[in-house]
Structures are given as C-alpha cells and as structure tokens.
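Two complexes, one shared chain (subunit A), two partners (subunit B, subunit C).
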Partner chain A sequence: MSTTTAAEDAPSARRSEGEDLTLRERIAANPRPALTWGAVFALLVALEFGALASGLIVLTRTAVVGITAVIQVALEALRAPFEALGLEPVVGIVNDVLGVWETSQGRFPVTSEAGDISRDTVGKIAESKRHDAPKTFSLLWVQYQLSDFLFGLQHFTESVPTLLNREVIPNQGFKTGPAGPWKNTFLGLEPAAAWAVRATLVYVYAFLTMFWVFKAYNVYREHYRVADWTPRDDVVDRLRGHRWGQFGFVVVFMFVTMAVFAPTLGPTTAEANIESTYQNEVQYFDSESGQVEEVFVGQANAGAKSKGQGDQNVGPLSYDDYGRYHPFGTDVNGQDLFTFMVAGSRISLFVGLIAIGLSAFVAATLSLLSAYYKGLVDLATVIAADSVIALPQFLILIMVSVAFQGHWLSRVYSGGMLIALVFGLSGWPFLWRAVRGPSFQVAEEEWIDAAKSFGQRVPVTMRKHMLPYILGYLLVYGSMSLGGIIIATSALSFLGNGLGINPPTPEWGRAIAAGRNYVSTQSWHIATIPGVMIVLVVTAFNALGDGIRDAIDPESEGAEGGGAAAGGGG
Partner chain B sequence: MSRWSYVLKRLVLAVPVLVFALTVTFMILYLGPLDPVTAVFGQEYNPSDALQLRKDLGLVRADGSPVPLWEQYIDFMVRLFTFNFGQSWVVASEVSVSTLIWNKVLPTVWLGFWSVIVALVVGLPLGFYAGLNPNTGGDYLASFGGIVWRAMPNFWLAVILAGAISQGGFLEGYRTWIIETQVIGTPRGTLETLLMDVELLGIAMPMVDPTNFFAAVKWILPAALVLGSSSMGNEMRIGRTAVLETINSNYVETARAKGVSSWKIVSKHVFRNAMVPLLPVIMGEFYLLIGGSVLVELIFNINGLGRLFISAAFGADVTVLGALLFIFVTMTLVFNIIQDILYTMIDPRVGYESE
Partner chain C sequence: MSESVDPGVGEAVTTGPESAVETTEGDVLVEVEDLRTYYDDDSLFGAPVKAVDGVTFDVRRGETLGLVGESGCGKTTLGRTLVRLERPTDGRVLFDDIDVTTLSGEALKEWRRNAQIVFQDPDSSLNDRMTVGEIVREPLDVAGWRSAEERRERVRNLLDTVGLQEEHYFRYPHQFSGGQRQRVGIARALALNPEFIVLDEPVSALDVSVQAKILNLLEDLQDEFGLTYLLIAHDLSVVRHICDRVAVMYLGHLMEIGDTEELFADPANPYTHSLLSAIPEPDPTARKQRITLRGTPPNPRDPPTGCPFTTRCPAKIRPEEFADVGDELWERVEVFREVLRERNRADLSVRQRVKRLLGRRTQYDDVDEVITDLFDDAPVDVPEELRGHIGEAADRVRAGNPGKAVAYTDDAFSSVCDTEKPAYYAVSGSGRESFCHRHGGGYESVDDVVERKRSNDGLDV
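== the complex of A and B ==
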C-alpha cells in the first residue's frame, strides 16, 4: 500500500540518491508530514508539560539514586573482608570514596534520605541533625547533589500549569445547604461528576497521545522510509490482528497511565488523604449545626471508616458524611481506596520495571557470553542459573527482607528498591532460559564468524549482531514475569511485619491485608477491588507478552497460544 | 551420549548446584546485617547471655575471640550435609530443629498432596477437553478461565475463599456439608486418627478410617484449591496446546486413515505424547508449592512448614532457616532429577537431541 504513496510523494529524490540521504535530509526534502505531526505532538506535550516533565524527572531521580545505591552496596560488600582482616587503611579509602562517616548511632551511608522521593536530602539532614553533609566529591555527595538538583527541577516543573489539573477541574467541595448547590467544585457539579470528568479527560488525553506516537511510525513509513518493506512491517501487521495482545496492551497502558497521573487521578491525593492527614483540612456541610464546618482530614477519615458492621461502611461509588466522594469506597482507616490504589500503582510499576530491567541485563549478558564462548563459561552459567532457580524465590525474598530490616537499603523508596534488587538478582534465570536457545542459534550464524575474522571486538559483536536477535524474546518473557513480580510484591506487603513496601506508602497488598476480615461483610470492597485489579493487570501483562511473541515469532503461534484462540489469525 | 549418561550428568551437576545454593543462603544469613542476639534477647541484653549465645551459635570461640567467616561457612555446610541441624533459638527455645521440622511436616505434606491432586484432576481434563474441541464455546470458556485463574494471587484467593466459607459468606454451607468440619486451622485431630486398627482374622491391621479421612480431606480442600490454582491454570494451558499439537500430527492422521478407533487414537497416541510437555509443568508444581505454602498456611492457619518458615524468619532463627532452606533446595533438586528420569522414559529422544 505504502509503495504508491511514497513513490508519488518524492519520486525524484528516490530515484536519484534517495538511498544515501540521511533521515534529516529526507525530511528536509518533504517537510510537510513531519511538521504536521510535530505540531500536533508539541501541542499535546505542551498541554501537560509540567506533569510529563516532573514524571520524567522523578524517573531520572529514581535511576540516579538506584544506580548509586547499587554501587554503594557493592563497595560495602568489598569492604567487608578488609574489615574482617583489620586492614584499616583500605577500609578508610573505601569509606572516603563512599562518603561514609561514623556517629554514635552507627554508620551512615544514608541513601535512604535521597531515596525518599518526596523530600530534598539536604533539607532532611538539616532537620534531623544526625550528621553533617558528606565529604565533597564522595559517591554520597554526588548522589545528594544530583538528587537535590533534580528535586528542585521537579518542583519547578510542577509549578508549570497543566490542563488536566486538580485546580483546573476540582472535585473537592462542599454543599452550602442541606440540598444546596456545591461550592468549589468544577462548574458547581457534584464531586462525583467533577471527578469523573477529570479522570475521563486524563484517559482521553493519554490515549490520544499514544495514538499520535503510533502515528509517527506511519508517517515515517509512508513518507520517509527508503525501503518499501521491512520485516518489522510484518511484526506490526501481525500485532494489529492480535485482539488478545491488544487487550493486554490497552490494560497495561491504562495501568501505566494510572501510575503516571496518580496525583491527578484520585479524588484526593495520597499526600493529603493518607500520609499527612493532620496537616490538611476538609470543609463540609454539617446537617446538625446547619452550617459549613472545617475539620482535619484525619478526623474526617475516622468518621468514614469501613469496618463491616452497622453503619461503619462507605462502599464503592458513594459519599461519606463529609461530602467526599469515594469511587472505590474507603478502607478500614477511612482513607479513600481509589487514591490508595492509584498511588500504589506507582510503586508496583517502579519495582516491576527496575527488577525486570536488572534481570534482563544479567540474562542477556550471561546468555550472550555463554553462547559466544561456550564450553566452561556455558557450564558455569548453567550451574549458577540452576542454583538460583533451586532457591525458592519467595522465601529468599522474605529472608533478605528480614535480614535487611533496619538497614538503610530497606528504606530506599519505602523498601521498593530492596525488593526490586532481590527480584532482579533471583529472577534472571527465568529470562535466561528463554533467551539461551536463541542466543546459541544466532552464535552459529555466518555473520558472527565474519565479524570474528574481520577482527571486530567481542563486546561490539555481541551488542550489534547478537543482542538485537534476542531482544524480542526478552521483551516477551519480561512482560510475562512482570505480573509475577507485582503479585509477589503485594504478597510481601500483605505479610506486613516490616516486609514489603513500608507504610504509609500505599501498596495494593496492604489493602488486601486490611480488608481480609471483612470479605463477607458489607465492607467486602476493601480486599476484593485490589485483588481484582491485580488479576486484571497480571492477565494483561501475560496477554501483551503473548501478543508480542506471536508477532515476532509466528511459528510459535500454534505451540503455546493459550490466548491466541481468542485473537484469531490476523 | 546415551540416555542414562544424560541422567548421570544431571545427577553430577546437582552437587555444585546444591553447594552454590547453600552458599547463597549462608551469605544472606551470616554476611547480611541479621543479628541473632537482638532477635533472641531484644535490644537490651545481658552481655554474658549474648556471649553464651554467640558461643552456642558458633560465632565466637570459647575464649571470646570471633570465629573467622570461612570457618563458620565450613561449619555451616558440614552441619547441613550431615543432617546435624542443631537447635532452634527463637521459634522453640532449645528444641532440636529436626524435631521441630518433623512435627510440622504432616500438615504440609497433606496440603501439598491434595493441591497436586486437585490441580491434576481439574486442570488436565479441562485442558484435554479444550484441546480436543478447539475454538468452541467450551474451549474459550476453559481457556479464558485458565488464564484468569492462573493470574490470581494465591494470598488474595485464600483471603476471599476463607472469608466466604468461614465468616458467614456465600459459601458458608460448605462447613456443614455432609460432615461438620472447620476450614481454618490445622486438621491435626483428624489427621492423626486417619488410621484405625481393625481386627482382621485376629491380627490388628491399620485401616483408613473413612469418616476421619473424608473429614480431613474436606478440611484441607479449600486451601489445596488455592495452592493448586496456578498449577491448575498452567496444566490446562499446556495440556490444551499439547493435545492440539499431537492431534494435528502426521502419525495421528495415519492412524486415523488406517481405521484405528478414535478412542484408541486419543488414549494411545494423543495423551501419551501430550504428557511430554506436561511433565515439567506437573513436576514444577512442587516448586510453586514451597513458596505458596507460606501464604496459604498463614491465611488458613495451618501449622506446617510454611508457617514455621515465617516464624523463623520473623524471629531471625538462623539455624531453622538454614535447615529449612537446605531441605527445600534438596527436595527441588531431587524432583528435578526424578523429572529427568521420567523424561528419558517417556521421550526416547532426550539426551540425543542435545548433542
């Protein structure tokens, strides 16, 4: 199809030196489609620039703190044997590099303070007065400086006005009389409607943006690509006909949107409703005194608990006595369950992505090394992988969480970092198993021999000629393992007792734990809704994995198409 | 490489795997920031008590000097490999770990056994049915059910099921159905009276007491259903595709052309070949059981190994944790080797194709 349009658009350029032009030159020769696309995209980004930029900065900050934390753990592990041998000078050098100092309360490599993503580090140190700032140019100093710089940037971007904002479409208001109109809500609508408008708009915006990003591929394919056909076209076409995979994609996308827009989506924010309830107030119409009263959120929550018996219940899609709307009802502490869920989706996604990223990195490195060198390297990898698989993952997770209780690492991202690290380091054999076969296959290809005889450096050969071949498989099995990580993280938080994500940071499993004694009462929603959400998200990640696998490797369609039946042949 | 040398190779490889896995366990327990002294005595402890405990744990020598880490490591490994597990410190003070584990093994085995049975009895027939009737309404229903069932977190399913049965929910009738039983708690009384002595021709013979047997099964069934849920979904899924694949193969077509009865085709050709990809899934159930039993035993309040692990972990009971990990890892490896042996028997190609 695209052949004709492309040929009509730029016949002369194509026929002469079309193939040698860079993408930039091709766009310069025919700028119109690119400009149209770019203008719309710029508009979409501008509408939500503040939110998108702050989200991006939070991600960068996560990465900075995460990477430096991993280096710290590695250095600390290296220090241990020198300490045992009593080699003070070496220990001192390592401590200098780390930026560690001793106090009466013990040692402080306080990544946890940079890891608290809602605060700046220096301010926290000044407040706690537990220790001085770290030594200049040490690892910790670098971490603090970068983290605080990004925190400042985040504050600035958050002050940039956006279209889909709590202030632009507010839903928290109060009645002015017994039946009177609502005040302070969007267009005077009742809070349920105002919240629904905002939530719907967020999703409309998200889907529009996603559609436009996909559109970029079509624009490129029709107007700027030199080749009429590439194998990737077939992959995309197969994905287009795969209903089951599309279902997975849409649900995963909605989950990610939920995580990205968490502060905007909830009827209130996690900060005001869950974390600091006595620093925020709520106004409501008191029918007894007949006037508008003001109480702390904490007091209002105490009067809106869902505990099963009597009138102690605020179910889904209902208002509490303080005129606050609860789409998913309230939990046992009277906190808004929907706000809890959207805030919890953030940490689930964080943990899942970091863990999968780490596993995929280890799995890809080891499988490429063993496929390239074979022999002893391969045998060592097999033994290492078998050993890690033989250790029951969930039990190791519990053991490590217990062992690191009180350690600074268990406070980074409310404990999410530790969970992600354990998953990353214990989950790679499952991915490795999936990519080992393809790695060995590609290592047999002639182009690897050619690269070898050509004298190309081994890492370059692996990255350029082997990695692209196994990347798709990593994506498939990564998507499928992500569901397992989400389940295990919430299971750990369900166990509580210092395991999992530390309260008050919301995590879905903790809601299930709180509601477990109310399953057959009128407060059934507390445990049921989070569980259904987990099932939905995990199913979606599996479906997405199925879809990508069938798209990149149609041979396997019959082999393991559990859900492919519902998709039908595209 | 012949088939049996393949199994032998797997057997030899299991040794370094076990050593490596136990080394990781040692590193978490002994190199990590875990402190057994504060776990036993709390934050404020008597220094002489602490010293005595450290001596008993093998962390310091009799003269108070610390034992080097490598010596602790060798000691740890030797103790495990000689099945000398030592004694518990926190969970049950000064009780030997072997006794502790032995006392808790029965409920866990009972739970695990029935979860495997439930998963097999429900999952396999559904999968085979779906595979034999592809793209029908029944197939879609079974496939979709299997996918969703598999995605359900064990702990959530357990919470919902326990709530629905024991807190006056919509499944409350289950408790009084045929025999009155509990669902929450250890079926200890019924498990121990499972066998009754029957006088047969003047000799006392142990016999299964049918009433108690039924009661014990009924008690454990909801927990087993939860624990087997993900395996059930897996078996269904893999069973369906395996049947689909074999039924479209050439040898089945040939058999059909020869006029072999369809029952014989299904039983002799389809099912046997479908078992090949199913075997790792069925054996892999064991792996899922270990992790899952912790949560299921906690929610259904069953006093088994899973709960022992949790209380040992919360109490930082290093000896119990080490022994449990050793048992779990060894069992996993044993099951892997059994799987390899079964594999070589079912599928003659194993061992040759890896060349």
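== the complex of A and C ==
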C-alpha cells in the first residue's frame, strides 16, 4: 500500500531531535537536573528507609488480607445454600477453595472459629501461629503465605535503623535527683524538649519529602517533558491558587504523617503504654524514697489517671508523677492521650482508605460499564445501587458485627477490617451516584466511537478514554466521604458494645466516649482534644475535595454535585 | 403527461436486493442490500426507531457518494452502520464481496482497518487528555502495526499529509482550532490506510472560511490515496461541490440516487424537488418558488405503510374518488389530516392523558375551529361526500379520540401513496433512480405537478 512507505524514510534521523527519545534517553542526554533531584531524594529515603518501607508493606498486607477476605466471605456465603440443600460435592469444592485449617486437633474446614490470623494490631509484630497454618493450596493458604511473607519483610525493614527514631532521640528518662539532671534522654534534655525535638524533626522531614516529590514534577516539566503544555498543568496551577484546598491538603498531610510515623511520634508507644502495660517498665525518681525506682507501666498508669476531681488529673503539656511527659495529658486509665491519638490515626486512616478504595473501585467499574453498555446493564446497576442504598448502613453494620462474632475477620485490626469492608461494600452507591453522570457524559463523546471504529478493546477504551474523565470526581467525592467514614468509625467506637474498633486498639471515638463525663471538669482534654481533631481532619478532607473539584472543573466553583462538563482539565 | 420521456424510464427497475443498476463506470466497492438499522433509544418498551428502513445502493470504488436529507432522516445512522458502529437489524453490506454485517471478533477488527469514519464534531472526536500524536497513533497501536518507532514516524508523516506540523505531535487538542482538530481526526482515520471513509458532516461544525480548506484537503487525499468516500451532509452546496453521485434520504429510505449534476439540475423525486427548492437561488430574478413542506416528518417508530413521504408530499397522488376535487381544496384536506396527526402525536401531560382516557376533551381536541378555518371559508364549495368524511373525523376528535380520527381519514382519503411502497424507477439514461409511484404508468409527471403547485403557491394555514 502506498502510505506504508512513509515509515521507510529513515526514522533514526529524527531521533536526534529529541522528541522521539524515551524518557530514559532524554534523561541520559541531560542528566544533571535528574541526578540532582535523585540524589536528594535518595538521601531523604535512606534516612527513613525502614519506616517508609514498613509502612508500605503494612499497606500491601492490609490490601492482601482485605481482598482475600472479600472473596472468602463471598464464598462462605455461597456455600451456605448448598449445605442446606445437601449438595456435598459442591460444598466440598468450595471447602477446597477456601482451604482447611490443620491444627493439633485435626482438620477443620474454614469456619468462623477455625483459625486466627489476626496476629496484630496495625504495625505491631507478634508471633505467628505456625501450627495453625493451612497446609494445602487454597485461598487461605495464599493469604497466609503472602501475609506471612510480608510480615517477615516488615519485621526486617523495621530493624533497619532510621534517623528519626525513639532510640536516636529518646525522650523517656528519669531525674537522678530532686532537681538533678535528666538521664537517658536526648542530650540530657528534659523529656518535653526531647519529645518536641523528635516530633518537630518528623514533621520537618515529612514536609521536606513532600516538597521534594512536588519538585520532581517541576523538574520533569522543565527539563524532560516534550509537550510544553498539558491539561494537567492547568489543574496544578489552579490548585496552587486555591487557599482553602491547600489548607485541607496541609492538614490531611499532617494527619497522614501522624499515621505513618505513629510509633516515632508519641512520647511512648501504644504497645508499651496501652497494650502490654505489665511487660514494660518505667524508671522514675521517687521523691519520697529519694532514689530512682522502677515500676510496671501499668502501675504508673494507675497513678496517672485523669478523672476530673482532686489531684486525679494529668492535663495537656504536663508531667505525671513518674516523670513521663504527656503533650495531650492522660486519659481515664492514665494512658498517654497523645500516644493514643497517633496510634488511633493509623486505624482511622486504614479504615477510611480501605473503605474508600473499595467503594471507588466498585463505583468506577459499575458506572463505566453501565455508561458504555447502557440498557440492561445500566438498569441492573441502578437496581443494585438502589437496593444497597435502601438498607441503612448502620443496620448492616450491626448485623454484620453479630454475624461475624468470633470469625477471624472480626479480629483483624480489632474489627477495623470488618468495618472497612462493610463501609466499602455498602458505601459505593454514594460514589457511584457522583460519577454516573460524568460517566454517561463522557460515553457520549465521539472519541469513544472513534476508538470502537478502529477496534480498540472495550476495557482499554474505558481505561484510556473514559476513566480519566471521572477520576477527578472520584477523588473529590472520595476525599469528602473519607471524612464521613472517619466520623462513622469513631461514632461506632463511641457506642462500643462490640461495635467499632475494640479495645485495646486505640480509636479516637473511644477516647471521646471515655472522657465525655469529664468535659466540664479539669480533665476536659480527654474528650475535647480527640473531638477537635476529628472535626479538623474531616473538615480538611472536605476542603481538599473542594480544592480538587475547583481545580479539575473551574466552572463548578461552589456548585454542589458533578453537573458540570466532563471535560475537566481545562 | 410525461410517461414518454425516455425509453426505459417509467419501468420499475428495483424493489429489492437483486437490483443494483448495471453501471459501466467503475467497479463496486460497497454493496448495500436492503439494509435496516432499528434501535431502541433508552426506552425498554415501545416500538424501535426505524432509523434505516430498507436501503439498497452501491458505492463505487474511488467515488464520492453524497448522502443528504433533513436531520433525523437516518443518514448518520446509515453511515455509522456501514462502518459497523451500529449493528444492522437486517440486510447485508458487501465490502469487496464479503458480508461485513456478520463479522465479529478478530475478523471484524481486521476489517475495520478498511473502513474508517471522520466525525462531525471536532470538539468531541478527540480525547483531550491525549496528545495529538497519541491520538493519531492509537489505531496503529491497536492494529499492532510495525515497531513503535515506525509508528511514531508514520504519525509524523500523517500530520504532515493533513497539513499539520510534525511538532504538533506533542500538543494537546485544546491548543488547536476547530479546523486543525478536524485535520487530526482525518489523520487518525487515514492511519490504517483504509479504502473507504465515511465523512459524517465533516465541515458542518467549522467556520465557513475553514470549510473549503478541509473539503479541498479531503479531495486531495482522495486523489493521493485512491479513497472512496461516503459524504454525509445537509449542506447541499457542499455536496454539489465535491460529490460524484448523491443519495437523497427521507425517513430511513433512499428517495433518489444518481449523478450529482443531473440530480441537482433535474430532480425526479418530489422530495428531492422540495429539498432543492430550499437552496437560495443565485439568480434573484428567477421566479422559482420555494416549496414549503407542511408539518413535520412522521415518527420513525411508526412510519407510513406506503411511501415514507406520503404525509408531506406536494405531489401526492389523489385517490380516484376525489379526482375532481380542486387542488386547493384537496390541499386543505391534506392539511386537515396533518392537523389530526399532530393532535394525535402531541405530547400530552399526564393529566391530559388521563382526561382523554376518561373520555374528556383536552385543549388539543378543539377541532371545530380548525374546520371553520379550513373549509367554511374555502374558495370553492366543499362536496357533500367530503364534508361527510370530515364531519365523521371531527366527531371522533370531539369524543376525545384523535387516534380514531386519524385512522378514519387514512381510510377515507387514502391513495396508492398511502397504501403501497413505491418501487425504484430508473429516471434517466445514467441510471438515476427515484422512489415514487408517479414514475409508474398512468400518473401525471412529478415535474408537472410540482410546477403547478409552485405557480398556485399553497395557501397559508
């Protein structure tokens, strides 16, 4: 054919002009900016490699457990009717897929009581129960092996020394005399100062890293990108001028930093101060005996409770009788409220991210499918969404909590995983409603027909030609709903009674519940500080959502809903 | 009477698939046989929209075939069906003798390279999140054409071919004008080196100044690559300018198809007459009257049984019984029928529907005024028989049942145009065909009727 000759005109001649080079080749041609950036970035990562890697692994492991759990629960639900009908072969197949627990007592098909792989609260490493491992290849086997592998990896990465570490900058120490200097603290500073140094350094590090990641975009844009303008540039530029969105971003970023660096940030750790109080000890200068004594943390906590009356209060920014510094005071059990809060931020963020991730995935898939195929597919989606909306989320949660009592899933992250799954699987219609309109709008565009006309595969068409146009809406509504999920999780924990995140795993809502009787006393901080923080974080997520919305879709400023043109991005 | 114009003229040559007029010029690339595309738009119930309702024609290799008609006549659906963006309900499309309506999977994907489409709206046909280079390259990527490097090179050449610069590779559609965007769309259609391209109103969204440039580009490309075009357009001057042959479409049917110059100079079908009369005459002294069509096209869910144009045709054949009724009075009868049809079709609110169901009249059922306007001050006396029928119909409307009134008038006033599908008649030596009963024996010629209408110039209603 005549036009195929086009390619024969020495394609290599053009390569020297730079536009045809791959990114790697372009960097090789001008390595300086990339190397400078990379060197600084490598240094930043190296400083905290252990913490960052373990954070990443925890996330991955959570996803593994979450995804397999969804499949597992679905299969278990499928198995029930076959069992009722007495269809043994089918039940057998399902059991094979689910896997079997082999324990010293024999083989058990997977049931709610059979195994417990909820070995830890987030980030804490416990001993795995190897004798309980599933032996044959099955879903649970896969889950177990993957989870175990990641667990080992996490263990390893956490042993890698980091700069911002409680061992490098310790704040826990004791006075050697009534007015004597502090021992065991960083540079002999008093604990408050040592803690402040560490916490400040963590945040300085976090902001520096974030700044440097943004810098990568600029370096790329300036030195390596061939296009001198892309629609994304406008979005970024608009975001740069959006103060309210930036406020949201900064607060959200601080919240995420808090979650990522939780073990480093607190004056003590959740494990030592909250969970295993009688396996850890604390040294302090006892003014009565005039010497340094040693007690269990549990005993010390008992003497440091904030209960409102008399001298039973350790307020914010103060020391207790055991020389321990409490930036947010202590709670009714004498535990450090700040440590409780940072550990709780992890749970909140995990629950929120898993739930939103799941919701967004379901919502995006269904809305793209129904917008592309329309007709019956759309009708089925609408019916499914309406049925899910019709059930009150709260009711589902109570029912699921009861149904899963004793199931291993209810112990993963002290019930957090179950809550996240319920929120994720019952919350998707709200996101779906937000992206359905934009999906249908983009499905009407002629470039979809064009893709069809040259035979593009449907999944690729959806990903390439439709998804980019609804991604912004997912981000906007996702970040707004995330606030709602954080509130809901706290509310459930506030109610307690087996709902929400179970003790001893810290959760903000439980702090509010515990402190609510003391709001009008000197121990006002127990409920007030977590309350204010929830409000702040939720507001920030909404502000961030507002910012993203205005950035991708400047016309909709202030408008509710995603009614404006799907052609976001300038 | 003009039944004696040409030897062979006046004979039905085709009604069905086995019909392509024998032509000597050029071989046939696409053969469309009795093609039908029906679709349900959104509603799961109700009759399908018969967008293309039995269409037969050929596209010859290397030609530009124009497809004209009012919006909603099905021309875009026909074009989209030819490139398999719609699935035909019935009929065949032979592309180099292969029936492409039944292709699927890999075979379909393979064939798609041969038939591409250029879309109407350049704002909507390019994905704004991709660079121009990526857009033009995508068909090549999908087809797995050669190496990535050669593909990029080909894209550059294509950009050059359609009159863009190679540096535009890394620009985004937002940075281009409408005309430039349309060039990108053309480059994309050319990427796989197709033989056949459907041009779906390629310039109607563009500035007039840009239109000519794009049309010239399309003509140049046709010469350079030996392309065959189906040009869908509503702008008749564009069609006259670049098409070799023209097909005129109305309500899912081809009314007339043939050589462009001939068709424009001497239209055969009444619909073509009225369509062409809408073009402003370049010569202001020409006294040609515009033929105004009454009413609106019928609902394509429920097209007329006979000729699709029957409800609006200015040359419609009169039933035998009323042959002696004057033209002007008969026109009023047809207007009356159109009024009834519109009443019947009018989108009523739920409340009015309920009223009608309960046998009460709605504001749409006030028929007496219409009758007074149409017939009481008619210039000639209305014969008793006619009055009788009109009275009967009016009674049904007053009873809140315009549907029955329509059925009654259909019955009382129907002619061959209402009851029987016309055939395709050869109307010139070059093989032009027209879909109209009047070309059959025994009827006054279309030209004469239309001419008479023009000089009478219909009444205002």
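Going forward, the second predicted complex is superposed on the first by the 508 of 570 C-alpha atoms of A that agree within 3 Å, B and C clash if a C-alpha of one lies under 4 Å from a C-alpha of the other, contacts with A are read in each partner's own complex, and residues count from 1 in each chain.
To be clear about the criterion, contacts are C-beta pairs under 8 Å (C-beta built on N, C-alpha and C of every residue); 3 or more make two chains touch, one makes a residue touch a chain.
None of the values given here were measured: they were computed from a predicted structure.
Shared-chain residue A:A84: touches subunit B; no touch with subunit C. Residue contacts after overlaying the shared chain place A:A403 against subunit B, while subunit C stays out of touching range. Judged by the touch definition given at the top, the superposed model places A:W447 against subunit C, while subunit B stays out of reach. Legend: residue contacts after superposition of the two complexes on their common chain; A:E271 is shown touching neither subunit B nor subunit C. In the overlay built on the shared chain, the residue A:Q456 is in contact with subunit C alone; subunit B does not reach it. Taking subunit A as the reference, the larger set of touched residues comes from B, when subunit B and subunit C are compared. In the superposition on chain A, contact is made by A:V535 with subunit B only, not with subunit C. Note for the complex: subunit A touches subunit C at residues 1-4, 6-7, 9, 11, 14-15, 19-20, 226-231, 374-376, 379, 444-447, 449-457, 464-465, 468-469, 567, 569-570.
Residues 77, 80, 84, 382-384, 386-388, 390-396, 398-400, 402-404, 406-407, 483, 487, 490-491, 494-495, 497, 509, 512, 515-521, 527-528, 530-531, 534-535, 538-539, 542-543, 558-563, 565-566 of subunit A are the ones that touch subunit B when the two sit in their complex. Those residues of subunit C that touch subunit A in the shared complex are 40, 42, 44, 80, 83-85, 108-109, 112-113, 116-117, 119-121, 124-131, 138-139, 142-143, 146, 149-154, 156-158, 167, 169-172, 174-175, 185, 188, 190-193, 224-226. Listed in rising order, the residues of subunit B touching subunit A in the complex are 13, 16-18, 20-21, 24-25, 28-29, 31-34, 68-69, 134-135, 139-140, 143-144, 146-148, 150-157, 159-160, 162-164, 167-170, 237-238, 240-241, 244-245, 287, 290-292, 294-295, 298-299, 309-310, 313-314, 316, 321, 324-325, 328-329, 332-333, 336.
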